[in-house]
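The structures considered in this document are given below.
Two complexes come next, and they have one chain in common, chain A, joined by chain B in the first and chain C in the second.
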Partner chain A sequence: MTRGESRRSTGLGVPPAQQRRGRLFALVCMVAAIFPVVLGAALLGAAIESGAGFGAHGGLGKLSSVDAGSLLGSALGSLWLVSMALAIALPIGVGVALHLEGPRSRMRSLLALNIANLAAVPSVLFGLVGLELFVRALRLGHGMLAAAFTLALVVLPIVAVAARAALRAVPDELREGGYALGATPWQVTRQVVLPAALPGMLSGAILAIARAFGEAAPLLLVAGFAATSSPSVSGDPRQILPLHVFQVLAEPDGPSRADAAMSVAVLLGTLLVLAGWAMRLRHRHERRRDG
Partner chain B sequence: MSQPGIKGIESSWSVPERRAETSITVVSGDDDDIRHLSPYRYFPSGIAATYDEGHAPPRGGATVRGFYDGAETDRGGPRRALVTMRERVGPSTPPSGGTKLSRPVRTGGGERVAGWLLRLCAVVPVVLTLGLVSMLARGAWTEQGLAMPPGGLAPAVMGTVLIAGLALLWAVPVGLAAAIYLAEFAPATWRRWLRPALELLAGVPTVIYALLAVWVVVPALTRLLPGLSVPRIVAASMVLALMLVPTVVSLAEDALRTVPRQQREAALALGASRLRMLAYVVLPAAAPGIVAAVMLALARAVGETMIMTLVAGRLPWMGLDPRTAVETLTGQLGAAGLGAPVTGSMYTAGAVLLLLSLAVHSVGHRLVRRAGRWS
Partner chain C sequence: MTTLVPKLRVEDLCAWYGERQILDRISFDVPAQRITAIIGPSGCGKSTFIRCINRMHELVSDARVQGQVQLDGEDVYDRHVALEQLRRRIGMVFQKANPFPMSIRDNVLAGLRLTAESPVRDDEAVEPALRSVALWDEVRDRLNHRAETLSVGQQQRLCIARALALQPEVLLMDEPCGSLDPIATARVEDLLGDLRERFTIVLVTHNMQQAARVSDRTGFFLGGQLVEFDDTDVIFTQPGDRRTEDYITGKFG
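So, the complex of A and B:
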């Protein structure tokens, strides 16, 4: 006897009209889940197409007009900036997370709240801080160094939150086992907790890198668009991928559309690689923990 | 409460492999007892274990199995730990009986340095917060009083609220429906692909979203609806919505998943259809979490700069038609990237922005924490 028959015979169960409504609702929900992904992909494709013009001119289209030198310069600038920012933010962020995982106290819970709030501060505001603190007070000028410090401020809360989550995922049994061996707290941290938390921290760090790569808002203030400053020794922060895109949109006689389209493509490609890497790390970590 | 102390230690020590296995059974009392029992090994969960008072582990490598009798602790139940640690210390000398240990634990200079370094790291966010607040306050305050842009801040606040609200109007229904799909209907494989895809959407740099709006959405809107006088505002809100959907989805899905299974099953057992179960049981139970998702998305929308500056903002080449552009708080700050000098009014806008986004965020944050406590 199938389920349908049994329902009809007993008169129990959900009436067919309601079942149909339920199926319709599920369908609507499914469309809602797929729609943004498809729309996003389509828009990105359309944007790159409209800039690079693959179809219109056949073959590579307008790509021949791309200023490869400036594109490479921006990509390298981005790489340089992000590595500096992460070199500053990662150790501090992990340190903050380690400190937060110490014995509970009122100070620590206040600090945790503070960091949660910092993570919610709009990133432009860090641009104002960077401008005031690094560019003006510390006299770093509108250079790459000031930009890197500013970017470090933006990603610091992200790194700290991710590192803390990774530390929390380490089972207490491991720590206690370490203490049972007579290890000092720092030995337990270094030899037991940090290695166990490493995959989680790494995927958090990758997310921070992805964020730092695309972040443009705080750099608008630090990069010195208004000031006609001489480029600093550490490099010109205006020469990075996101600001390259920004300049195309802000100034009609700036870099060409094809340039911007290629910058977008490079940014998206980097993002995709980073996200894929982070996801694989997370998967492997989860499987190992379950297995 | 039973007398704290070591209930029993069993040890085995195999010389060729240089491995020791020690089972320790410990009953813990209150903190003072534990401290008295073991000065160095002070367990986070309130359980202490010790080999022998104040002595170090056996030299060489060691594996310890600790069985803790945690009846007196908040965790409850016996606990086990199996850990391998390797220390590079001279040749191993197996302790007789496995419990007599030789070296006192050193908590030397390195330990203290590490502690201070961590404390130093922890100071950074505090300094950052204080710096943020003091700089905004100092920059906003000029000799004439609070610096204001011409026309005051009201248009900017209105513009921010308008665009963010419009974006939520798109993003919340779609995001909620998507969350319901992922939490209730989606097969595992679909979920495995859709979630990362949505997360990726959240990770797309906002400059690129601005570019999408300017290159694709605005032209498309003007072509589709030629009479529309505010394509830029609509385009900004639509692109912003696309950016916010993943935020709403992931938080709302978490909220839906925390609703206990028993409640769902109870509803189904009463003869409710899945739709009714959702409408009358699951959604009301998940409501705080869903509201929190909306609030956190709103906080993100309010602080979004690139879309506000480039799509909605008053760009110099966009003309002065008041219907095409709208002032926003972040747009005023982003104007620095368009060549505007950084003035006191930017700091005032920044201060208002900080207050607004923190207020919205803290409501959402509190709701998330309360929602987490549901089950």
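So, the complex of A and C:
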């Protein structure tokens, strides 16, 4: 530091303009970070309030009118569907990411661009694909299985993009260390690269869970609009939380409003628990990595 | 220059990255169970040179090699050479310590596990490998701790142990002390003295004092060419080439 610089920074007066701008920016960032938390809390609060009937219609009596059985069934249905979808999407997504991270080629960059674009395609379109491909062409019926495959398609781009970023973040020194020990490319990937990329991949899984949990439109298409439930061993895809909310709201009579609100509360709550669990998992792996 | 049994024989070795030629007709013998130092200014091709010996150079997509590197008389660039087998016989230590994100024990065993057909019987290989890098007494009570919890100097010695666990014949070291402080450097140098009895070591370094202290033979690289190769004493006391003299007396580099 030269003498001139030190003299300038030791002044105790008003901080220079850049410094104030920096603080303003930090403030904006903080507000932006807090906003979704407040919004989420407000949503959850509003849902619980209107569901429990603290509002105009008098007391907790409303709660009894909520069909608790079907709500629980929907929550379990959602868990089952999302687990199946992730069980399909995670291995495929990681495989896609591994392929994309291979030696650079035009084909690969074209593929990567397309997969990233798929993440922005409206999910209704995935529903149409699911309807044609899984329900009709592969004759899986309107059951949970077709729904799970469709949902897996919806989250696949998210999983693949996140897994790819995680793979890229693994330092090349680790790969070289593996090769120098006489490992084959597959051994290096399996035993060095994938374990190192795991925390990043779990971040992708969190995003995928959140997305899969809230999807309604594509599942509506796959499940079909028929009023009668379709017989299926794997379960009825209409008995999941987002569709439960949708169906209840579609009914014309009043009391169902409370039911819908409770469903939303359960949906948000379950999502929070799941995402929290996934983040804990990631945190544990990160801690292990950083020591 | 006294004659010694050659472990590695390099003949007309040329290497390229894309269109850029990095090595230009390098030829010399690396004696068995001695330390051979490669010195030279940055960008003279010394790292590329040792990466050609265990064929790590070709991991880069547009890299190319010409010429021969013989290990005990066999050309490592022969079509029938299995890369994995070759790299187990020629171990490598890098400039930056690169322990795997796993426990200290698993790091030592990594080479054995990575390449084993059957599960490795643990621990038999751990102690001798850690002892030979003088790390055993420091970590014996925390073999299950993450390797990242060690200091950088310890991590580098762990990486050496990881390479030694495979019992290679040749050990390539690419500036192994490049990111270490003087005390950790001294420990690694002590280690080199102990290891020279058992392995053939090729040591790349830009630290001339280090080369003078530990090596038996020294090669001076400049601009991708081997300027001079001789006994270390000769290189540092009466170099035959003017450029070598200029470099070791600090006129450039």
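Details
Throughout what follows, the second predicted complex is superposed on the first by the 212 of 291 C-alpha atoms of A that agree within 3 Å, B and C clash if a C-alpha of one lies under 4 Å from a C-alpha of the other, contacts with A are read in each partner's own complex, and residues count from 1 in each chain.
Note that in this section a residue touches a chain if its C-beta (ideal position, glycine included) is under 8 Å from a C-beta of that chain, and two chains touch if they have at least 3 such contacts.
This one's a predicted model, so the numbers in the text were calculated from it and none came from an experiment.
In the superposition on chain A, A:Leu98 makes contact with chain B only, not with chain C.
Looking at the shared chain after the overlay, A:Arg164 reaches neither chain B nor chain C.
When the two complexes are overlaid on their common chain A, residue A:Leu267 makes contact with chain B while staying clear of chain C. Of the two partner chains placed by superposition, A:His142 touches none, neither chain B nor chain C. After overlaying the two complexes on the shared chain, residue contacts for A:Pro195 are found with chain C alone; chain B is out of touch. More residues of chain A lie in contact with B than with the other chain of the pair chain B and chain C.
Of the two partner chains, chain B is the only one touched by A:Leu220; chain C is not.
By the touch criterion defined above, A:Val121 lies against chain B but remains apart from chain C after alignment on the C-alpha atoms of chain A.
Put simply, chain A uses residues 103, 173-174, 176-184, 191-192 to touch chain B in one complex and chain C in the other.
Residues of chain A that touch chain C in their complex: 103-104, 171, 173-174, 176-184, 187-188, 191-192, 195-196, 288-291.
Of all residues in chain B, those touching chain A in their complex are 22, 24, 40-45, 47, 49-51, 55-57, 62, 64, 66, 68, 79-83, 85-86, 101, 105-107, 110-111, 114-115, 117-122, 124-126, 128-129, 131-132, 135-136, 139, 173-175, 177-178, 180-182, 184-186, 194, 196-201, 203-208, 210-212, 214-217, 242, 245-246, 249, 271-276, 299, 302-306, 309-310, 315, 317, 330, 333-334, 336-342, 346-347, 350, 353-354, 357-358, 361-362, 365.
Note for the complex: chain C touches chain A at residues 54, 56, 59, 61, 83-88, 91-92, 94, 96, 98-102, 110-111, 113-115, 145-146, 148-149, 159, 162-163, 166. Chain A makes touch with chain B in their complex at residues 12-15, 18-19, 21-22, 25-26, 28-30, 32-37, 39-40, 43-44, 46-47, 50-51, 91-92, 94-96, 98-100, 102-103, 111, 114-118, 120-129, 131-133, 153, 156-157, 160, 172-186, 189, 191-192, 207, 210-211, 213-217, 220-221, 223, 225-226, 242-243, 245-246, 248-250, 252, 257, 260, 264, 267-268, 271-272, 275, 279.
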